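Per-chain numbering from 1; labels A, B, C, D, E and F assigned in written order.
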Amino acid sequence: MIAWMNWTPTVVVFFAVIAMILAVMTVYEVVSPCTERKGFLPIETTRGDRLFIGLLSAAYIHLVFLAVSDITLWVALAVSVCWLLILLRWG
Amino acid sequence: MAEIQLKSLAHSYSDSPTGPDDYAIRQLDHVWHKGGAYALLGPSGCGKSTMLNIISGLIQPSEGEVLFDGKRVNELSPRDRNIAQVFQFPVIYDSMTVYENLAFPLKNNKVPADRIKTRVQEIAEVLEIEDKLHKKAKNLTADEKQKVSMGRGLVREDVSAILFDEPLTVIDPQLKWKLRRKLKQIHEQFDITMVYVTHDQLEASTFADKIAVMYGGQVVQFGTPTELFEAPNHTFVGYFIGSPGMNLVEVERCAGGVCFDSTVVPLEPWQADLLERMTSTNVKIGIRPEFIEVSAISSDDTYESEVLDVEDLGTYKIVTVRLANQEMKVRQNEEFEADLGSQIHLSFPKQWLMLYVDEFLIQEQQR
Amino acid sequence: MNKISDNRAWWLVLPVFLLVAFSALIPLMTVVNYSVQDIFGPGQAFFVGTEWFKSILADQRLQDSLIRQFVFSGFVLLIQIPLGIGVALMMPKSGIKGSLCLILIAIPLLIPWNVVGTIWQIFARGDIGLFGWGINQLGIDYNYTGDTLDAWLTVLLMDVWHWTPLVALLCYSGLRAIPEAFYQAAEIDRASKWAVFRYIQLPRLKSVLIIAVLLRFMDSFMIYIEPFVLTGGGPGSSTTFLSQTLTTMAIGQFDLGRAAAFSLIYFLIVLLISWLFFTAITQADKEK
Amino acid sequence: MFKNNKYPKTLMLSAAIGAISMGVSLQASADQYSDAAEKWVNNSFERSTLSEKEQMQEMAWFTKAAKQFRGMEINVVSETLATHEYESNVLAKAFAEITGIKVNHTLIQEGDVIEKLQTQMQSGRNIYDAYVNDSDLIGTHFRYGKVVAISDMIAGDGKDFTLPTLDLDDFIGLDFTTGPDGKLYQLPTQQFANLYWFRADWFERADLKKQFKEIYGYELGVPVNWSAYEDIAEFFTVYVKEIDGEKVYGHMDYGKKDPSLGWRFTDAWFSMAGAGDKGLPNGLPVDEWGIRVEDCHPVGSNVSRGGATNGPAAVYATEKYVDWMEKYAPPEATGMTFSESGPVPAQGHIAQQIFWYTAFTASMIKDGLPVVNEDGSPKWRMAPSPHGPYWEEGMKLGYQDVGSWTFMKSTPEKRRLAAWLYAQFTVSKTVSLEKTIAGLTPIRESDINSEEMTEMAPKLGGLVEFYRSPARVQWSPTGTNVPDYPKLAQLWWQYIAQAASGEATPQEALDGLADAQDNVMARLERANVQPNCGPKLNKPRDPQYWLDQPGAPKPKLANEKPQGETIAYKELLKTWDNAR
Amino acid sequence: MRQTRSKNIGIIIYILLLLTPVYWLLNMSFKTNREILGGLTFWPKNFTLDNYVVIFTDPSWYNGYLNSMAYVSINVVITLLVALPAAYAFSRYKFAGDKHLFFWLLSNRMAPPAVFLLPFFQLYSSIGLFDTYIAVALAHCLFNVPLAVWILEGFMKGVPREYDEMAYIDGYSFPKFFIKVFLPMIRSGIGVTAFFAFMFSWVELLLARTLTSVDAQPIGAIMTRTIGASGIDWGLLAAAGVLTIIPGVLVIWFVRNHVAKGFALGRV
Amino acid sequence: MSLTLENVSNTVDGVDYVRDANLTFEAGSFNVLLGRTLAGKTSMMRLMAGLDKPTKGRLLYKGEDVTGKNVQSRNISMIYQQFINYPTLTVYENIASPLRLAKMPASEIDRRVKETASMLQIEPLLKRYPLELSGGQQQRTAMARALVKDATLVLFDEPLVNLDYKLREELRAELRDLFQERQCIAVYATTEANEALALGGTTTLLHEGSVIQSGPVMDVYRAPVNTLAAQLFSEPPMNMIRGRVTDTEVTFDEYSHHALTQELAALSPGDYWFGIRPSHIALVPANDDDLEMSMEVALSEISGSETFMHVENSHFEMVTQLMGVHQYRTGAPVKVYLPINKLFVFDNDERLVHTPSRISGGAV
């Protein structure tokens, strides 16, 4: 039934992580709803907004790494995670 | 600034009016003098907004002429009539700041920039919105918006007149006080012809030197607030002005005056005299609740009546009584006390007893 | 106290959520899977990691078509938005004339995209098309199939013809929503035609213009069928836009892996731009 | 009208009920089919190489063989072409009435057919039960192993469903649909060639002949080499300019950036120039795509790997294509696709076309056309295309498209077999001649040699003569060297378009193309998805090494424009005749 | 007055320009191929209805129109059915993740369709919906539903919440209120949404073509058969093109007042 | 049959709309919620209706907890400030809709609709659609819909605010009469003190979500618990003057000195707020001990029968409400008299410490 989706372990892990983040954020949101606030980003954001910005920029960080360097993507991943955490905390 | 004259004006919204009912304004002549503060008072649907829009040029009258300083302006657009108007609901340019809103009409008139600046500042101060000048207009509260809206009318110095179309409708009651006062002050300060349309007698009387009361597409009385209160020209004015309105009783002619049921109300000789010369059977007497006198004891010129209800309004009381078969309202101060069903004695002071034939007041000078 | 907080509202959104999740998430996951593999058929896949992404990012031709795409979308917005507003301003306000205008103007929108391409393919031809013939008659040497500039102008003209009506339609309805009082106030304030437009009509059109710009951006950024039918992306690669390159890759060559990586990058670009745009607008609204 | 095919269950149910209620009347229902067969044979399939009795026998065999498939509904697809229209409109209907199997013979654009086929190959899900698919994909089919080889079917599960009178030997295109493993993968149902086309009437005009001789020093006639073609093209476009007051052109082609631009090249343009190797049908070891194979494994198409896609001959051919279109063709030509440009010569202002598909024959013999005489005979003729300076005797001379029935392994067996019956029906001798006459795309020797065709020959401008000549074998479709036709063919039009527009030089464009091709083959090799004869790329080395080897890739000629040669059309016909 | 006239002239010129290509198509549809290719003529010299006759007599042609209309109608219905409650939720409630959900919905319009074709095909084949109306209708929901939610939400916002409450107070249950009270109030919005859903579904070809083979084949796919190895049947193609315009014109005729009036209420 | 709010609070997004309200409404009572815009009137009514759920506290009906009960199952009616009617239904169907939902027989519905319509004088309009009616008629339709069913709780959310003032007067009188016979709880929200007075019954003063005072209207009016209540329940607002009481005298703003009379003798020395209603300030002295102050006219506003004169001097600003029409030029000097026996006195916490003797006790 799902063989045609051509699953690979990497992608499974990728989606599992995304799903987990979303689940955690949802639970977090239900347990303690957040309000908009303004951090170092130029706009007021909610927690979800910051997550979205973080994920989107993570995608771009990876692409930039791919485009301009041959460094392993683990570095890009580390940078992205750091950036995501910074965003969530202070963004 | 200009004198605005309306000559045999009539307007109908339908293209081919068939009867008087189709007219929003019927055959109206009126003059608004230079520099006056006027109010146009009437219930909704009496044609007052129509009249205002005819003056400003937003509506072309079906018949008659609009004259500014004697010059016919029927064909001129509002732009060319050079008139300011404030609408019932605040119309603000929400993409602009308050400052830009106020400066807008001036800019359109090519007023020099420094003049605009001082003028806007001036008006903002008067309206007490100078601290909001650089806010986006759309983020203001409703009453602030209306202030801005008014400000745009007031900011122009060269206007023929400023027209207000129920400008305080959206304002909180607490604030209406302030704004009314503001407007009055502005008029006194700048001395511009202002016409203020409202259905609220308080607003009208407070603002205007003279009030035109409109009813059924016509101006039924044009006078000072005192005149309207003390000598309403028309039963409608009597009813509409004052809270509660005038007591109006249908009467018949009879010896010594007029009577209803078995009660005879004597008239002044000149009143009786005038009444005799008329044939109409539509005769009414009117007296304001404020002017009816109450006493505990009966005398010759008192009428015995039964207390039906006493309504305590804090600062005063409204007593509803039955005299013969007529219900009447009497206003008494807060100390007044009476039991329901008890008898009290009313008297109608001569100078306050009005006589209406065919709904119009019989006045002494008519003699 | 505008909206009530109530998570039970999710029940109302659930059908949409399920429907869209079903028909968006599953394919999306599949595409992500594709993007790390070289796929030849069922069970015939070869894991390549990020190779596709790397090769896409380094591909000069794709970079060129990306730039071309931006230029095109830019022109589309620059022309269609003002023109659409202009048309909306000219449209009769009501009555049978209004209805008629509305219907006639909407016609190009209702033509299937391949037919749109076909119409212009013929219409712009120098030998059997009125437009191409007319231009040639004017003494201008015009051949959209051979000349890069002509091809560009023709594709652009076609898109303007096709999509300006959408902008016009949206703006028209936006204009209709402006209360008469604003025009009256402007007239009283002696505002010029331009001032009325600039300060009353345009600001009030903002919300529909957001939609118009977003829709036009997204759709023009993914334009495929019409120019494909019209010029095939030629002459050379002068009118080859991103989506055509992608479509050729995906359903011509069936290079699913590479195309998947490409489309993910593509998607990220559109997503970022739309998000920036969306945020900018909503922020401007909020600004005190 | 409701299409009952939406309710297959209902249909089968009602068929079942029908069968039960009829009880013993099975015989009667069999009669129903033979009646239908008789009707069709008498009314629609009158002309046939079989006798009426033989026809009826064939039909009876179909009725019988289809018995267990009755009530089924199958879907087949093909591109739009007069022949397939005939199949879709006439044969599908006849088949349904004769066998009780309903056939939806869908017609779509060729590109769409390939797309559907690709989708089915990629997904392993059945879309159509049979495809009419050009034999260009033979290399793909036999390598991926996703199609059912016809020969396997005949020997295996299709044994009982193979027409005894199918007469495979009678088919003229089987070579092209046979894989290197000797298996027959597809069954031809239509084929057309591309030939040189010219206005025989103009070529006969004394004034023109004289003028030509004056300018070029030899006779105006059917060009034998590209030099002559080029001269004639120049002659009409530049010197003659107008005939009977109308502007004329000495060349016609098409150049729109469109998949069909690829066909222009993959359909033998390079082999005509002489880029490939000798050896029929496609050249060995380097074919007309410039792909070299060793032991049936493709090893590269770049010169550096021993291929010839970007060799001097290919570059020369591309240069000529661009050059001629620009100089000698009508200006609209650059924006046309294959389909648009095809009918242009029929409008009467084209003198010759180097590369003309005989599929257009039918539309070029209609009464009233500027290229048709009042008596209905054509003013034009077709002849073998001229060859380029690199061409050597023994090489492929032109392209021949063989549309053939193709069956996928992913199609459910029962449906495939039912479709197999239909496929055989469309090529059976009973209907074949009628079909050939309707579409002018012959597939059977017997049809070509039939009296009917002889009768028609004068009206067809040389078509019959061509098919009857042994030279025919020098025309072939894309061969088995191409390991993945869809992926590789898509590259061509994109790179050629760059050259056509001047965006890149022919050399640059072809370098890009060769690299892209090798890249695709490298991926096939890496993923190891082709069990049979998958690519095994050579290591790139100095191109000079390969150019120095004998055969393709051939080094650049010092003189790419030898003396033009022409031959009179009548002479040409004689050589064909003699060879018989 | 002068302004109105110049406005009128402006709009007339625009509409004329807009309609010329369509006229050209119409013109072509009444010509024979020989006339079309024979040179430029402003109107058909040998007026012929043959092209239309072909379409109206050949089931494989006219079924294309019926198929297209079938899946477009189903799409409009599904779109409205799911978008209405969702738009209501967005217009009335705040809930966890609402804004992100909204943007996510919208983002489905942003994905270039080409690559998603094969997964789509796989998806619908795997649940046995390949070559059915419902498959195309569902696939088109992907881009229609977000837009529908967006438009409808705007209209619903224009209805004060007091109406809902009043109905509840009167004793309406939510479903009853929604159907009997609320929907009639936003019928213009529904009209406009239906129009947009129709439009985008009607003109889409890639998905529709990929998800069908025979039974649900859209007219857009059938039209490509006019392009063959022996030339293009221009006249037939033009006639088929002309006929694709007609259903759209009919639809907009029916919703014209909604489009004009309805927008006034809503966001759009 | 009573409705009780027990420690009810409602907080949305960190903003308190209702704060810890404790109120009881009896059957057959007419209750007015008086407060400025955003005082929490609407929020409280929504809680009572069950449209919103309180974040804290309980609602009891007949002693039973109905906090979470949904709107449909409570038998209530509500009339909004905006004229809310079903735009797609005729006036008749609008009025009939609650009855239809209650599955009442058609004849009964017809009877009731006609009865209610005639009561509200909209019988001739039954066949029309709401949008074809004038504002007053629309609001009457809304009222008819609310009144047609025998709701146990009828909520009015500033129903008259958008109407002409004369119409408002009439409808107000009608309303009062209508509810005299009904055995339901009527709750009426308004921003206008005069309206509260005219409607009578019980008045609850609200401010920023909190209940300031609640009780029979005249009790509240005569004895506002603090300055806020006094300000709220007075139109124009009560004049407030800062003053100091010593053993011998009372000084206003250290400027106007007056001997301490018996009236205020009970006050212990200290600083106070003195409040006087505009209507009690006179231009002629009524008693000897009236406090005389010299002021200037800032503005005189004239209603039909009264004049509101704004007077000021360098220390005070006051408003007086005078019977009849009095026209004064702005800036004219005027002497005003404050009857000392009508002064309200509030302590430094702004709580009422002294009620004027002449009007205390609510003796009617």
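Heads up, the rule we're going with is that a residue touches a chain if its C-beta (ideal position, glycine included) is under 8 Å from a C-beta of that chain, and two chains touch if they have at least 3 such contacts.
On a predicted model such as this, the values are computed, not experimentally measured, just so you know.
K.L.:
How many steps does it take, at the fewest, to get from chain B to chain F if each step moves to a chain that touches the one before?
P.N.:
Minimal hop count between chain B and chain F: 1.
K.L.:
Among the chains, which has its CA centre at the largest distance from chain B's?
P.N.:
Measuring from the centre of chain B, the most distant chain centre belongs to D.
K.L.:
Using the touch rule from the top, point out the two chains with the most contacting C-beta pairs.
P.N.:
Highest contact count belongs to chains C-E.
K.L.:
In angstrom, rounded to a whole number, how far apart do the mean CA points of chain A and chain F lie?
P.N.:
55
K.L.:
So what's the Cα centroid distance for chain A and chain D, whole Å?
P.N.:
Inter-chain centre distance comes to 53 Å.
K.L.:
Using Cα averages as centroids, what's the distance between chain C and chain D in whole Å?
P.N.:
Using C-alpha averages as centres, the distance is 39 Å.
K.L.:
Could you list which residues of chain D touch at least two other chains?
P.N.:
Within chain D, residues 122-124, 337 contact more than one other chain.
K.L.:
For chain C, give me the residues that contact two or more of the other chains.
P.N.:
Within chain C, residues 4-5, 7, 26, 30, 34, 39, 42, 45, 127, 251, 254, 256, 271, 275 contact more than one other chain.
K.L.:
Going by the touch rule set out above, which residues of chain B reach two or more other chains?
P.N.:
Expected reply: no residues.
K.L.:
Could you pull out which chain C residues touch chain A in their complex?
P.N.:
5, 7, 26, 29-30, 32-34, 36-37, 39, 42-43, 45, 47, 49-50, 53-54, 57-58, 265, 268, 271-272, 275, 279, 283, 286
K.L.:
What part of chain D is in contact with chain E in the complex they form?
P.N.:
1, 3, 5-6, 75, 77, 79-82, 88, 104, 106-110, 112, 116, 119, 122-123, 125, 127-128, 192, 337-340, 342-344, 347, 357, 359-360, 362-363, 368-369, 401
K.L.:
Help me check something: in the complex, which residues belonging to chain C touch chain D?
P.N.:
Residues 38-42, 44-46, 125-127, 143-146, 148, 231-238, 240, 248, 251-256 of chain C touch chain D in their complex.
K.L.:
Can you tell me which positions in chain C touch chain B when the two form their complex?
P.N.:
Spelled out, the residues of chain C in touch with chain B are 181-182, 184-185, 187-192, 195, 199-200, 202-203, 206, 287-288.
K.L.:
Show me the residue ranges of chain C that touch chain E in the complex, using the header's touch definition.
P.N.:
Touching chain E: residues 3-10, 12-13, 15-17, 19-20, 22-24, 26-28, 30-31, 34, 86-87, 89-92, 94, 98-99, 101-115, 118-120, 122-123, 127-131, 133, 161, 165, 169-170, 172-174, 176-177, 193, 207-208, 211, 215, 218, 222, 224-225, 242-243, 246-247, 249-251, 254, 256, 259-260, 262-263, 266-267, 270-271, 274-275, 278 of chain C.
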